[in-house]
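Common to both upcoming complexes is chain A, partnered first by chain B, then by chain C.
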Partner chain A sequence: MKNSNANKALFNRDPILKVTGLNKVFGRSKGFFGKSTSLVQAVTDVDFEVYPGETLAIVGESGCGKSTTARLILRLIEPDSGNIIVDGMDISKNDALELKHLRKSVQMVFQDSYASLNPRLTIGQAVMFGPRTLGLSIVKAREIARETLSNVGLDPTRFEGLFPHQISGGQRQRGNIARSLAFRPKIVVMDEPLSALDKSIEAQVVNLLCDLRDQYNLTYVFISHDLNVVQYIADRVLVMYLGKVVEIGDVGSLFSNPRHPYTRALMASVPSRDPKIRTQSAPIMGDLPSPINPPSGCRFRTRCPYAEDICGAEVPLLTPQKSAGGNQVACHMEKIGSGHSKGGILDE
Partner chain B sequence: MNESAVSPNLDAGHIGTSKNSRFRETLYRLAKDWVFIVASVVMGAILGSAILAPLVATHDPLSISILSRLQPIGSEGHILGTDELGRDMYSRLIYGARLSLAMALLPVFFAFGIGTGLGVAAGYFGGTINSIIMRSIDVFFAFPSVLLAIAISGALGSSTTNVILSLVIVFVPPISRVAESRTTEVVGLEYIDAARISGASDFTIIRVHLFSNIVGPVFVYASSMISVSIILASGLSFLGLGVKPPTPEWGVMLNTLRNAIYVQPWVAALPGCFIFVSSLCFNLISDSIRTAMDIKP
Partner chain C sequence: MSDPLLEVHNLSVLFSNAGHEIHAVRNLSLTLQTGEVLTILGESGSGKSVTLNAILRLLPENGTTVSGKVIVDGQDVFAMTNREVRAYRGAKVSMVFQEPALAFDPMFTVGYQIIETLRAHRNISIDEAERRALELMELVRIPSAKVCMRRYPHEMSGGMRQRAMIALALCCDPKVLLADEPTTALDVTVQIQMLVLLRELQRELGMAIVFVTHDIGVANEISDHVAVMYAGRVVECGAALDVLGNPKHPYTKALLESSIHGTDRGQRLPVIPGAPPDLAEMSQGCSFAPRCALANQYCLRELPDLRPVTTNHLAACINI
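For the complex of A and B:
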């Protein structure tokens, strides 16, 4: 299913989506008497690239900034700093032409299939809204809507005139996918599109997403906390922890050889399909620290079994590891001479 | 199913052209609600006779007959008696309904439009615009509505237009508040985010995605103000701030018949009864619509 040679070839091409130095702090507003209120560092210095035709999965536990990153890419939230380059055009500036480029190129599928469809519009109307916004005629828009609906497996003659509350959750999520695809986007950002679906429907939708990716030459940014699905659908995986990227890499090498202690803990938390191999111990201790005052240095150090003084003193940078198949890891243990007693030990 | 019913239509009149199943469900529930049916029939009779007043009335509402003053209810030729100047009460009540109901419905109608506009703008754009609109509106809540209405129409001078104007000012703040809170609720939903991602203009998003989802609750709330509006409009006329005698209007009639209460208490109470009944009917109708619409599909 996964062709790693094809993936390597992709790396030589220009990225279709390039995010550099993305930052977002919530609650920046000053208090009534000029006191600064508590700031939530939702996303801090996030850099990544997505290449045409690939699927980048963003994983991490709740509250790590996955959804915020998605919303920042789509400019639903204004970033505090950082550049977002879509298909060679920087869309992080407030320019009408660039925004139009963004709207045409990047679409989003939301988690809650019910809340993301207007209850007063039929499925057909909801799907038509996109092409209509792009300035197409009603006839043309309806044609696109019908074609897209049948491509996501919803028979237009049956579903076009139905309202969201009249169809099932799986059908609604297909409707949402159709709504985003009706723009004929290049990139689709999916914010946990499967988590509200039951397992049998989930499998159908995952297969549908794979088919549509080939059919429409799509690039996915796939946000999920279900690592089994990620392993199936993704080409590369980005692991986030408390607003920072801790590891990026090929899905194969990341799953077989996770480098960052957090990634390893995350992988260990996936329940095994074999009942004989049971999860040995709680892989990760404690709760996610508050993003209002994140730990200094490495943000994972409060829960990391290998944490040392250096981890609190210095922020580990995301550096490519030769031995990890080009994976980038932000951990002091990865670097020889970083000051960590195990520095470079993993590289041997 | 014919083709036109199924085809979605997103042109200017896009919302109304498709079958709206919720609207049908609401109608179906209303048809089974006997309180709604009785209230609508009574209100329909009052409204109908007001519109058809020249046909339904038996006398000229302004013709004075000193000889037949203060006839009791059921007297010959005057089914509901006569007032202190011998004018036929039945005809005056019917003609009075025109002005009384117009003065009750028009303020709510205008306030619904203005209040929805302000509330949607405040809720959709948020931030500073929200603060400016909503804090300005809060000022009006400092005064009781009756006092505010009396103060405004007192300051503007007594006329029908000024009564309507003052009532619009009284009703805009509560309607905007409801519209704003409902808008804030809907704006947080993901289909508005999805529409924003689509690059549609704010106007299109409000028109297609927001308005249809907030108009129902706001309309129901506004309709509950009609009953208050009838009482306030009549009250202002009673105080001499609205319509002037001899024009028939329920509030004015109540005022002029006040001295006759010891002679013909039933006749004197008639305009009050009409104010009460129509106010009650509007309230019941609005309540029934709210109940019918509140049920989630």
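For the complex of A and C:
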């Protein structure tokens, strides 16, 4: 329970990353004859904070906006509105200097290790590239690259001169991690860093990520759909559904006492650990609705077993729950007098 | 026990291209009884998909050397003429692929493609085929099936497309359904729906399923029997409760131990060192030996055969 104690100390500090009112709509362009084309509401009103040294996991199904959120944090895509404050500096406005600061202190590791390395650069050159752009000499950059490579478990004398296609997927992902760490960032955003790896390699990389977090004092924003990995690695968890945050909280209380019906369904959908115990019926039916015309009110209501009229009429706000260990939940059932027949029932 | 529905004897698949040889599958033997779910569990490159493709004779003929025997319902699949193979595919054995978006033709509606398949295999009228297609769509629990029949694949969600894919595979009441990672492309909430559906369909229709996956959790949910593959060979097989509940082969053990569970939080994860071997450079010994904690000089010298641990639980390791 080392982690929960660490967390309490963390909350007293200032956040290293603060995101407020983040919005992104894709497909804004007007169609033929000025007709508006369909808009994809990828991320809607997302707020969260990340404290130094902690790992915030963002979970949700594909299309829920988790990767978009990651890209917005790095300004790889431009937000429509909202503020992103990294280390006290608002980087959501377009300014080259601030962007340079951002890229130095926030780095990203992508899912596809092959696509995210330049095929014409050796691993050594790819890792050197970052320090070089920061203006370091070749000698110094090479030194940093070699050190970083050996810290991710790639022997520099062997791997420095190899091209991405010459090494295995696990080694490539290590190379990618080294590439991002060569900037000596404060925050590393990881978008499904494990999902392209073989099962027998996964544990190696998770151990490595935990070691590096301690070694470099890193803060992780960890995007994953694998709840087992999330529970293992994260300090806090943010659950997204169709572009909105439905629940956010401490990993311990979120996994032991999930509040939002979607969080509960997500957890119940994880396949069994034991062949003797099998899931008898699916926790929720249907697929994620299209984000082009998301349901009114609570976006989960079309799949929610508890949905009532109020859920379609009013958007539930993310509110902290005293009894849920400070977790914030966006559900009408959480509030007495919200108009839902089960309003406040979870608090009793 | 009666004759098995599907028997694979000493199947080997060798891909050769410009002097490079890859032993994708080596001496694989499997049996499958009616109404049974056999899971082939393995990492990418372990030969699980190649095995499925060999059963359906879908492997390219150029540069591929296949040896061994596949017997389905008493018929030798490799001895069939092309005409017989066409009748065999879909009717006796059919397949559900990983990516339903790629398995459907984007130019035709889902309903049309099911009707077309029905009419290709059976001498029935369009009306009759339409009725049957609707039945199939309802069988796989597609809501408002009538509307969905007229949809194009891209108009359906991933889960619905995979259901339609299963409906297509069930057109001719196959005895064996081959499922190649059918849930890998799906989200967890949809994956569990699909696993429950496949289990229900298997019970209702009494068919057998060969289910390929790399996910231990998925194997836990669906399997009666499990065969664990590593580098083209089956290293352990038996009842799911034995193989997944009480694994004997060092690879299966290590794979289960190193799989990440949230409750292990705070403890360092046990890992399997190294990476899966390159199939082009196979040693003569056990292919897991370089990564195995128990390996000794004998492991590097000869390939271990599958030997019984208990009556129906086999493992290929000389150290057991």
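Assume the second predicted complex is superposed on the first by the 346 of 348 C-alpha atoms of A that agree within 3 Å, B and C clash if a C-alpha of one lies under 4 Å from a C-alpha of the other, contacts with A are read in each partner's own complex, and residues count from 1 in each chain.
To be clear about the criterion, a residue touches a chain if its C-beta (ideal position, glycine included) is under 8 Å from a C-beta of that chain, and two chains touch if they have at least 3 such contacts.
In this text the structure is predicted, and so the values were computed from the model without any measurement.
Tell me the contact category for A:Glu160 with respect to chain B and chain C: first, second, both or neither.
first
Applying the document's definition of touch, where does A:Met128 land relative to chain B and chain C: first, second, both, or neither?
The answer is first: A:Met128 touches chain B but not chain C.
Touch test for A:Pro271: chain B only (first), chain C only (second), both, or neither?
Only chain C is touched by A:Pro271; chain B is not.
Return first, second, both or neither, reflecting whether A:Val206 touches chain B, chain C, both chains, or no partner chain.
second
Where on chain A do the contacts with chain B and the contacts with chain C coincide?
None.
What residues on chain A touch chain B, complex-wise?
These residues of chain A touch chain B: 71, 74, 76, 99-100, 102-104, 106-108, 110-112, 115-122, 124-126, 128-130, 132-134, 138, 141-142, 145, 157, 160-161, 163, 165-166, 176, 179-180, 183.
For the complex, which residues does chain B have touching chain A?
Answer in residue numbers: 1, 5-11, 14-15, 18-22, 189-191, 193-200, 204, 208-209, 212-213, 297.
Which stretch or stretches of chain C touch chain A in the complex?
Residues 43-44, 143, 157-160, 187-193, 195-196, 214-221, 223, 240-241, 244-245, 254-255, 258-266, 268-273, 275-276, 291.
Please give the residue numbers of chain A that touch chain C in the complex, ascending.
Per the stated touch rule, the residues are 1-3, 61-62, 168-171, 198-204, 206-207, 210, 225-232, 251, 255, 265-266, 268-276, 278-288, 290.
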